[in-house]
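Two complexes are shown next, each including subunit A; its partner changes from subunit B in the first to subunit C in the second.
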Partner chain A sequence: MNVNSFSFVVFVAILVLVYYAPVIRKFQWIVLLVASYLFYALNGAENMAYIMITTVVTYLGARLLDGKNVSQEQFIKEQKGVLPKQEIKEYKEKIKKQKYRITLVCIVINLGLLIFLKYGSFLAGNAGKLFNHKEWSELSIFHLAVPLGISYYTLMCIGYLLDVSKGKCRSEKNLLKTALFVSYFPQITQGPIGRFPDLASQLFGTHKFTYENLAYGCQKMLWGFFKKMVIADRMKPMVDTIFDNYQNYGGFTILLGCMYFSIQLYADFSGYMDIVSGCSSMLGIRLAENFRRPFFAKSLDEYWRRWHMTLSAWFRDYVFYPLSISKAAVKVGRVAKKIFPMRISKLAPSIFAMLVVWFCTGLWHDASWRYMFWGLYNGVIIIASMCLKPQFAWCKEKLLIKEGKIWKLFQMLRTFVIISLLKVFPLAATTGDSLAMIKKIFLSFPTEISVASLLPGMGVEDLFCVIVGLIIFMCISLRQEKEPMHEWLSRRPFVVRWGMYMILLLFIVSFGVFGTEATGGFEYAQY
Partner chain B sequence: MEQLMSILKGLRPDVDFEKEDKLIDNGVLDSFDLVALVGEINEAFDVEVEFEDMEPENFNSVKNMYAMIEKLQNEV
Partner chain C sequence: MHNIRKIGIRILLILAVLFLYQRGVEYLYRPHNETITFINKERREYDGEIETLICGTSTAQRGIDPEIIDKKMETVSFNTASSLQPLDGTYELIKDVTRNNPVETVILGIAPDIMMKREVDTKYKSRLYDRLQSPVSKFKYQLRGCSVDEWPYMMFYSARVEDYFAGESIRENINVKQSEEYKAGQIIESNYKAKGMIANKKKLKGEQPDVLTQGESEFSADKVKAHNLESLVEIAEYCSDNQIELILVYIPLPGKKIQSYGDITTIHDYFTEFAKKHDALFWDFNYHKELKTLFTNDKFEDTKHLNRNGAEVFSEQLADMYYRYHTGENIEEDFLDTCPYYVASEAVGEKDE
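Right after this comes the complex of A and B.
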């Protein structure tokens, strides 16, 4: 069941009615759990065992870790001033080691499931090539269907375990409540990657029906449907035409295709986020923000702080930061100090952690070499911009460039071109195709420019819808940079507000692409 | 204190750490200096400086850094 389908709207409508029924109030979280498992089962019941295993492992791990934290706290409380400090320190060290082992076992099981199901075929294929056993990649055990949302809920569970281990939050005592946290249906397919401390009280508490929540939820869903069905799905045929037949197009068309795909992907992914976030808001549960108008970013680094924010934040908090201050990073810094000037060597621990983070981010998206290249390419650009900062400042000064609107616009366009160029990796079917596209972009110059080379596969109706849709999208995004849209709308008179909703609804009904089989669902669901 | 000063001098020999008391507020140390510094402090003093500890007031001067390290060492 796709979230842009009629069945999903009916599913949500029934859920809202049941959820707010007076007799249900105390059991709202159970209704959410049933709805989440039903949603999961409707999207592939055969894979439910995997999410259940991850839930049980996470639950047991978190309970054990919490137990260790409580024991330590009690011990210190009782023994403070009685035992010498050294002994208490030794006890803390012992508990720390035990917690480390528990966390490691849970992460290995959860991550192991993800690696086996998502990366098994890739690893078996490469190992087979290496050891001359090409038949390894054919083994059916490596071709099991990847369970819905496994990349997302695995990260959520690991984050939760690490938070409990560090004592940042208490563990959940109820297994079924843990199951709800792991499987909450609005975020199971494509995120956002929620954190337990932010979600627990919302998921397990009771919520009264409010008009504000319903109105806010409907607004967000409507806006999400508009982005997905009017912009993303109208652009998809053009993007597919270019990249399914890239051999027939020149470098300029491929570059344009990358830019079109950037817009399509943003409308698709952020549209999905708005739909599920709106649905969750109706239930009184606010999901974490996942996008903050990324095309207004002035650098690749800033872009990643605005795009898929919960994934970037997860890697920052659980991988980048611990790794950048680890012993390995300190060693890298010391080696760098002997080789490079101070300005570069001080960046070494961060660069080391950043390369690992970007490699993992690439791998998280897909088990393929092209995604690893994609991840490392992102990392290398960000690292280069860090290292070359003084040179850029020098160039800017020599070229008499002043800070201002034009310069900012140039920076935004530059970032947009960079992120669009990076799209050759997810767009291509193979790594070889990605490299062939890059070659074409830089070496195959257009001899003539025609409508067919600028907008291949785009009908007049599609073009009209996309242009009008993008103008509306841009206007609303500019307004959102200043304040949340719902706040701006709430100050408008009733007639204006409802007039806008009706126009948006009419636009979706008249020009939206209906039928998920026609569009192939959401782009990010594959990850 | 000497050990901390030696780490700081190794990291940024161009800074007069004895006089400077607004290392973060005045932008003398940036986020990359901080990351490198925290790694060195964790290893040298056997403490765990957390992300939450990376506040400007803890790193504005050598005195403040040392106070934070002592606090972490004495935490039981």
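Right after this comes the complex of A and C.
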């Protein structure tokens, strides 16, 4: 059951009715748990065991860690002033080591499952090449189906364990409630990557039906369906035409294809987010925001603070921060001090942590070299812009460039082109193809420009839908930069508000692409 | 309570807008000469009179002429068969027609390939859905035969429009639908007044080896999907409960096709047994004594369907057999124990006519 299907709408409608039934009020979280597992089962029942293992490991780990925190607290409370400070310190160190071991074991199991299922074939293939055992990659054990949403729920669980370990939150005592946190259906397939402290009270609390929640949820879902079914799915054939036959197209068409894909991917992914976040809002649970109009970003760094925000935030909080103050980072800083000028060497620990984060981000997306390149390229560009900041400022001053709307627009376009160029990595089938595309973009110039080279595989109807869709998309995004759309809408008269809803609805009913066979589902569901 | 009223009003508003919009889209985009519109119109004209109902797939739709059956039997029959008609839909269709017609006989053209299909394409389901006239039947079929994701396609004509920018055909539609002749019912489609039958004059040409050898999956009882068999049993039981005579008919296939078909005997045996078990009749015209002489290649439009000429011959035969059966004659004598194309002396080493 895909979230852009009619069956999902029916599923949500039934769930909302059951969820708010007066007799159910106290058991709302159980309804959510059943719905989540049902949703998961409908999307691949054979993979249920993995999510269960992760849930149990996370639950046990969190309980043990919490136990350690509590006993430490109690010990300090009881022994403060009784035992010498040194002994208390030693006790703290002992507990810290125990917590470290527990966390490590849980992370190794959870991450191990992810690595085995998602990266097993890649690792075996490369190890096979290295040790001259090509048959390793053929072993069926490395070709098991990857469970739905494993990349997302694994990160959520690791985040939860680390939060409990650091005492940021208490662990959940009920295994089934932990299971709900891990499997909550709106975020299981493509995120957002939720945090336990934010979600727990919402997931396990009781919610009263409010018209506002329902209306807000419906608005979001409608907008999500529009982005996915009218814009993304209409653009998909054109993007596929270009990248399935990139050998037949010039560099300019490939560059355009990358830009089209950027828009398609944004409409696809953010459309999904709006659908699931709308659905969750109907249930009184607000999910974390995952997008903040990324195409308005003026730098790649800012883009990543606006795109897939929960993933960036996860890597920032659980990888970047700990790594940049780690012993390894300090060593890197010391070495850099000897080689680079002061300003750069001060940045060295951050640069080191950033490279690791971007490498991991690439690897998280897919087990392939091209995604690792993609991650590292992102990192290199951000690091370069960080290091060259004074030089850029100097150039700007010399060229008499003033901060203004035109400069901002230029920065946005520049960022858009950069992120589009980086799309050659996820778009290509192999790393070789990615490199061939880059070569074509920079070396194969167009001799003539025709409609076929600008919009290959695009019919009149598709073009109409995409243009109208993008105009609406742009207008709404500009409005959202100033204030949330639903707030703006709530101030409009009933006729205007409902007129807009109806136009969107009829647009979807008429021009939306129905059926996952035609669209192949969501782009980010593969990660 | 206030919330419920507020939500109720809004749902009604959405439904009203959707309804009006769909009507508008249908007016603009549904071809003024679309066959199904005229078939439904004609069926409504016969409401309360239909005694013999013809169902099944395209072979029945193109092969059985109700007019010929009516002349011979002095009955009123109607052909509701459609391309790749799914059996669960056929069941709903029979109930839909019998709801307001004194149906006495159902002639069901059997299609072995349908029996083995897990799922029929949405397009074909919609052809059956359009033939259902009562909203109850439509809803029941939606629940029973369509996945939830197929509902928008069934309910919203706008989801079926393939080209929203077909300006020429929209103009033509509006012009015709606005004309006085159309409103007075003077503009008709060529199949109107054919009682649901769609015939083609085309003749099967040449050997068409690629078509002939493009073998459908070979029929066997274990390949029959349980839900299809259940639907067929339901049809038989419904007919039996309502004193309706059910005749399963295997419509003739061209000789070339039969020769390439390794499983015609299996099909024959399977349906013979089914008919015996469920108190139905089974007339396999591919076992007809005169098959080779009556249904030569020029009686077919392609390797599956009879053409107009062939349909006339076949319907005559069917009506004659129906008449003789009811007058108590032994019609078993019209059939051989084996398919004429498989009679050993002719089949061995000689596959061409």
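We adopt the following convention: the second predicted complex is superposed on the first by the 527 of 527 C-alpha atoms of A that agree within 3 Å, B and C clash if a C-alpha of one lies under 4 Å from a C-alpha of the other, contacts with A are read in each partner's own complex, and residues count from 1 in each chain.
Convention: a contact is a pair of C-beta atoms (placed from the backbone, for glycine too) under 8 Å apart; a residue touches a chain by one contact, two chains touch by 3 or more.
The structure presented is a predicted model; accordingly, all values stated were derived computationally and were not measured.
K.L.:
With the two complexes superposed on chain A, say which partner A:L506 touches: subunit B (first), subunit C (second), both, or neither.
P.N.:
Only subunit C; A:L506 stays clear of subunit B.
K.L.:
Contacts for A:Y321 in the overlay, against subunit B (first) and subunit C (second): which applies, first, second, both or neither?
P.N.:
first
K.L.:
Between subunit B (first) and subunit C (second), which, if any, makes contact with A:V460: first, second, both or neither?
P.N.:
Touch partner of A:V460: subunit C, not subunit B.
K.L.:
Under the stated touch criterion, which partner chain does A:S5 make contact with: subunit B (first), subunit C (second), both, or neither?
P.N.:
In the superposed model, A:S5 contacts subunit C only, not subunit B.
K.L.:
Determine, under the contact definition given at the top, whether A:K337 touches first (subunit B), second (subunit C), both, or neither.
P.N.:
first
K.L.:
Pick one for A:L214: touches subunit B only (first), subunit C only (second), both, or neither.
P.N.:
Second partner only, subunit C.
K.L.:
List the residues of subunit A that touch subunit B in one complex and subunit C in the other.
P.N.:
On subunit A, no residue contacts both subunit B in one structure and subunit C in the other.
K.L.:
Where on subunit A is subunit C touching in the complex?
P.N.:
Where subunit A meets subunit C, its residues are 5-7, 10, 209-211, 214, 460-461, 464, 498, 502, 505-506, 509-511, 514-516.
K.L.:
State the interface residues of subunit A toward subunit B in the complex, per the touch definition above.
P.N.:
Answer in residue numbers: 76, 80, 85, 88-89, 92, 166, 317, 321, 324-327, 329-330, 333, 337, 342, 346-350, 353, 386.
K.L.:
If you look only at subunit C, which of its residues touch subunit A in the complex?
P.N.:
Within the complex, subunit C touches subunit A at residues 3, 6-7, 13-14, 17-18, 21, 25, 122, 147-149, 151-153, 156, 158-159, 161, 163-165.
K.L.:
Would you pull the subunit B residues touching subunit A in the complex into a rising list?
P.N.:
Within the complex, subunit B touches subunit A at residues 10-14, 31-33, 35-36, 38-40, 42-43, 49-51, 74, 76.
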